[in-house]
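As written, the chains take the letters A, B, C, D, E and F, and residue 1 is the first residue of each chain.
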Amino acid sequence: MSLLSQLDQIFVLLQHWVAGFFPTWLQPFVGTVLAVVGIVAAFPGIFAVTTVLERKGLGRIQNRLGPNRVGPFGFFQPVADGIKSLTKEDIVPFTADGLVHFLAPVVLVVAVFLGFAVLPIGRNMVLANMDAGLLFFFAIGASTELSVFMAGWSSRNKYSLLGAMRAVAQMISYEVPLLLSATVIVMMTGSLSTVKIVEAQGGFTGFLPHWYVFTPWGFAGFVLFVIAALAETNRSPFDLPEGESELVAGYFTEYSGFKFALFFLGEYLGMFSIAGFAITLFLGGWGAPFSFLGFVPSWGWFFLKLLGAIALFIWLRGTLPRLRQDQLMNFAWKFMLPMTLLNLVVAGAWRFMGEGILRWLICSAVLLAAYVLLGRVLMRHQKLGPRSYRYAE
Amino acid sequence: MKSTEEILAMIQAALPAAHVELVLNPSPSAQHSLRVAPADAFAVASFLRESVELALDYCSNVTGVDWPDKEITEKVKVTQLVDGEEKVVEETVKRIEPGCLEAVYHLYSMRRAHEAIAGPVVLRMRTVNRTDQVQLPSLTFVWRAAEFQEREIFDLFGIVFTGHPDLRRILMWDEFEDHPMRRDYVDPDDYEYEPTPHDEVLKRAEAQSKSAGVTA
Amino acid sequence: MTPLAAFLIVAALVFAIGLAIALTRRNAILVLIGIELMLNAANLNLIAFWRFGPHPELLTGMMFAIFSISVAAAEAAVGLGLVIAYHRHARTTDLDTMTRMKG
Amino acid sequence: MSTADMKVYRPPVIDIIEEGDELLEVAMGPHHPSTHGVFRMDVALDGERVIRLKPVFGYLHRNHEKIAEKASYLAAMPYTDRLDYFCSLTNNWAYALAVEKLAGLEVPERAEYIRVITAELTRIQNHASSIGFLMQEMGASGTPLMYAFRERERILDLFEELTGSRMMCNYMRFGGCRVELPTGWLAKAQTIVDGLPKFIDEIEALLTGNEILMARCQGMGILKPDLAINAGVTGPMLRATGVNYDLRKVDHYGIYDRFKFRVPLGDHGDIFDRYMIRVLEMRESVTILHQAIKDIPAGPIMDPKSKIRGFRPKPGEAYGRIEAPKGELGFYLISDGSGNPYRYRVRPPSLINLTILEDMCLGHNVADVVLIFGSVDIVLGEVDR
Amino acid sequence: MLGEGMLKGLAETAKNFAGSFVSKDRLTTVQYPEERAPVIENTRDFPFLVYDGADDASDEAKLAGLRCVACQICEKECPPKCIYIVKSTDKKPDYVGKPQIYPARFDIDISVCMSCQICVEVCPFEAIKMDTEFELSTTDRFGGLLYDREQLARSNQHYHKIHPTEAAEVDARLAEEKAKSEAKAKAAAEAAALKAAAAAAPKPVVPAAIEQKEPTA
Amino acid sequence: MIPTVFGLTLPFLIIAALTIAGAVAAALLRNLVHCALSLTITFAGLALLYLNLEAQFAGFVQMLVYIGAVAILVVFAILLTRGAGMPEYRSYSSNWLLGLILAAATFAVLTWAVTRSLPATAASAAPAVTVQGIGVSLMTTYVMPLEIVAILLTVALIGAVIVAMPESKKEGQQ
């Protein structure tokens, strides 16, 4: 085994090595525990780094410096934040439903962590290579809604309740396009297994990889998936459930201290897992972007891509204002849903059109035309558009 | 733009029964005003707004002025019986000129704004006295702009505007009792504590928490 | 390995509880919940029989369960829609007072 | 003239809510993050639709008018800074203008130019920050606000150099200005003014074409011109409804007649128009600034008749008003010949522009209420006084 | 209209993101304790009392050099009424040598002061000026920010340091006034001398005041 | 490997207990939202039981449909009908005793039938159920039911929307 491939498999080897100290019948169990520990350690670590990067990135977008006081370049800021939130008083409203109020963040974090189980982080690096892995991810993702509802309802705060209602309505609505845009990939790969999906994108033409994003339907699917993912994780411009200018902090208005931190963690982990799935489905997972870069460890690519996706999310957050609830719903049902359905059709057509430039042209043209048409109709329907102004001398 | 005298003449021509008088302003600004009897105020105000020539459709400023009771010392010659014979004696008499509260409306025209330099047309109304429940007719239905400003006058001066759709305190809290812009207002001794609606809120919360479940 | 009977008894228990909810609770939504529970119990039976049956590779039981789940979802949507529609008229979800069929 | 056929602009009447109607009563404020200070709106919601909204003021009330009536004419000047703390220089000007009318003072030409320059700079920084706040309300995570503040910072530096303070300028005096321009100030102002169009372009590139912004703003919170006039709404809010009423053009106060500038007017009276009118007004202000900085003459900056100590105008009254960035700012003064004003009244544009807040918000979403409220552009220091 | 507005916005923020690394001009924030914004000459914060004398003079010398004559105009005009003055019962000569009342007590409650500069404007004696010191936090809420004469006194050199142009003008004006009053005193003395000479020389009394006068800084 | 109690594996016991507990709680709790939340526990338990039975696909579908959709729907319905938080004035029906007896009888009969009729069969070796296999059989053997279910779902969707739609038009006509 060459050094590079050893580096590629370093975590797998490490896992086997540690598990080797245990009796044979315990080894699978220990291996699983090790992998879980790895995930549970790694992603909150990324969460910590991301909070700093997000604040610094937003700062730079806004011509500020961002946090730079704690530690070198402010990178110990999450430590300070963590200590702060752990030592803060845990306030439970007087009239709150104590048990549900407590369970809500726990349920969220647990559900979100479960989603990582089927995420292939690198070659041979997936906790559970399930046959129905993608379905598992969506099933788990659906249960986060419940925790959001629990948080909002149990706080006995009107803002929380409004935020929870918004969040749940939004998550349910966007689950449909999310699922449908991922279905394209399932159609093409013929498998719900995340590992197989990544492997299907492993080849190269020349030095360009066979990522699904480089096909018309893949690109459309990717864009739609990212939009739905933003909505699903309540990120800007779909951050209505916690829109601080309207609902104070939405469903976690009444949370403080550690529970608030848990919510925060859950939100970011949800973002990572969904970004990870966007990478897995459309961006070739842990595959290298160019054939000559194959020597870099696969997990390195995965995390690099994850970082890129997070940067995109931050960039969008720094730029876009927030939508309104009914617009959000309209967007989901009137734009996202038709587009995803059309994308399914286009993907099917692609499959049966054979090789050649023609299918590229036709598929792109159909998607583009539908996009332009739909967008125009929607904008005109709402009487939106640029305006001119008159002047009085 | 017409001078105040001309406007007065127009009002008198249109509403002969209305009591309107001219109040001169001696300062260099020369913004003279019209004092209207409260009973006629609504008719006069409506006329000013609807009149095509004046079109005073914009009420810029509404405010109150407090004119407290003035003690006037005068020397009066009185015939008196002094030592059995009548004499004319000079005597100082203290007379109290009753004060009043005044509401002042500054009107402009937006529709005819660009035709000439428009000074404000000033409309004033006086209450009878300055006891607690003095009343003036509200002009909110003529100019919506007066809505909050009349509330403010009610709050700070204590003029009750009859016919105002929503006459509540606006700047001071509801439990406050005095009218701080009156000239005889005395600061309360201890302004740290004033009853607030919060006590009631607490009470309600307690009652709610006693019943097992609480409405969301 | 857990015997088939254990699954069936669990299913029977869930079914009985669902039935009890449907029959004893007054709130229309809770009655719907009870019906959902009964359906679920049936699904569990289907899957258990599929697993312990002679031909698990034929997928019959599982297919049945999957179809049943989809139908149950439709049932829940329509049922809850009805409850909400009724509530809009009569302002109640209490089955004992739901006596009118006209809006 | 019968008053029966007169059109009445009634405030919305609170409907008697039926028993069992599912209303959610929310108190937005006083410490809600989007109320621009301590302001409360008692909102009744049906789902998320607003069916009643009552603004509640007074959390910042300090009885500015009473304080000023107890102090001398001069001592009221620094308090005017604190009315609308974003635009202290225009507040100063309005008060100085009222006193000048009351006492019949003449302002030297150079002082008038200085006033115009500072007032237009104030207008630009106010409009820029108000757009930033509006976007903040819309959830743009502060980016436009930070850009606006970056530019505002430069303008505030200018103010500090001239007046000694960034926000509480206390610069204008009855019959002129307090101090002469420091050397090199005009050149510095020129460079900053030259940079402003680039900043406005940047803000426009970031926002004007943005589809989300259009969807959020167009057709929201529409105000009809009739109601706007009747409710005494002024400033960019009024002009967004299409009413051509700019006091700089109407009252010809100061020396605004000498400058060539246009008054932008909107046609819809919605949030987007208010936003665009502010942007366009900033551009017009830049042209005024260019002209003023070019033409400013030398000369004295104070009317020799005016006095700093022992200022006692003759009895009488005066109402002076200017076009402040937020609308018509008026001061009504009654003098009884003493050193204190007998009656001192501020006509706050922020408060009166809020009169029709409920009319604009009814039927909209909670999220829109926040936006509509943001588009009114108020400062609580002025509303509560 | 189909997302290009958003793309334009994204390009704008990207430009700013990159620009913040390249041009220092974009970043307007100042990293406060380490960095400081440049001092602007006209900046005003809180008032101080000017005394003529050395920078590090003793408290007595400071008080002796105070230009303030306790005329109480600033106390009257101060909008938030944060100045408290007690007049002295005795008199001492001011910088032109005229015997003047001095403040036996001069307190400014900095926590109330709103930095409006009106005290400076109304002062006929150039005795109170605005400082640029703004780091005044204390732990004592009530007493800590109530400054008395000693704390308020700053030398004329300090004034020159923070507001050079203004201070130069003030000094010129004072020098002129002083010259005028000296000339006047001289003229008066001469007139007195003449008078005395005419009245067969009784001893002149007035010049004593001039001898007593202290040198101005 | 896995410890057993009374011949039942421990995971099964835990899951079954959870399922039953959730159902019992849904039957007994007074607060409707609590009922709905405990119901989700039951749903989750059932999904886990499916997994226990090696019906992976069915388990995930159960999770997706019941926890992700039905439970949320129930909760929404409770909120929309103002049932949230209000303890029921009288949460049990007037003839609750009859219902309880009926339910108990059903359980007794079912248990009796189960214990009497079934021989203790052991499960055959776990079949290799791939998603692909399910898909293939959905499209071949079960294509007719699939289509019928699809139609049913569409009809149900439209029906639910129409039923729940506010009757604004009718009011407008009046």
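What we mean here is this: a contact is a pair of C-beta atoms (placed from the backbone, for glycine too) under 8 Å apart; a residue touches a chain by one contact, two chains touch by 3 or more.
Values in this document were obtained by computation on a predicted structure and should not be read as measured data.
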item: Labels of chains that are neighbours to subunit D and to subunit E; value: A
item: Starting at subunit C, fewest touch steps before arriving at subunit F; value: 1
item: Chain nearest the global centroid, as defined over all protein CA atoms shown; value: D
item: Among all chain pairs, the one with the most C-beta contacts; value: C-F
item: Centroid distance [mean C-alpha coordinates] between subunit D and subunit B, Å; value: 26
item: Cα-centroid distance, subunit A relative to subunit E, in whole angstrom; value: 62
item: Inter-centroid spacing, subunit E versus subunit B (mean Cα positions, whole Å); value: 45
item: Centre-to-centre distance between subunit B and subunit A (centres being mean Cα positions), rounded to whole Å; value: 63
item: Of all residues in subunit F, the ones touching two or more other chains; value: 57, 61, 69, 76, 79, 82, 84-85, 129
item: Subunit B, residues touching no fewer than two other chains; value: 214, 216
item: Residue ranges of subunit D touching subunit B (in the complex, touch as defined); value: 1, 3, 6, 8-11, 13, 57-58, 61, 63, 65-66, 101-104, 227, 229-233, 243-245, 249-252, 313-321, 328, 330, 332, 334-335, 343, 345, 347, 351-352, 354-356, 384-385
item: Partner subunit D, residues of subunit A touching it in the complex; value: 58, 61-64, 158-159, 162, 236-237, 239-240, 243-248, 317-327, 379, 382-387, 389-393
item: Complex contact set, residues of subunit B against subunit D; value: 14-15, 25-29, 31, 42-43, 46-47, 49-51, 57-61, 63, 65-66, 104, 106, 110-111, 113-114, 117-118, 120, 122, 140-149, 152, 156, 165-166, 169-173, 180-181, 185
item: Residues of subunit F touching subunit A in the complex; value: 1, 33-34, 37, 40, 44, 56-57, 60-61, 63-64, 67-69, 71-72, 75-76, 79, 84-85, 129-132
item: Footprint of subunit C on subunit F - complex, ascending; value: 7-9, 12, 16, 19-20, 23-24, 26-27, 32, 35-36, 39, 42-43, 46, 49-50, 52-55, 57-58, 61-62, 65-66, 69-70, 73-74, 76-78, 80-83, 88, 90-96, 98-100, 102-104, 106-107, 110-111, 114-115, 118, 120-124, 126-129, 133-134, 137-138, 141-142, 145-146, 149, 152-153, 156-157, 159-161, 163-164, 166
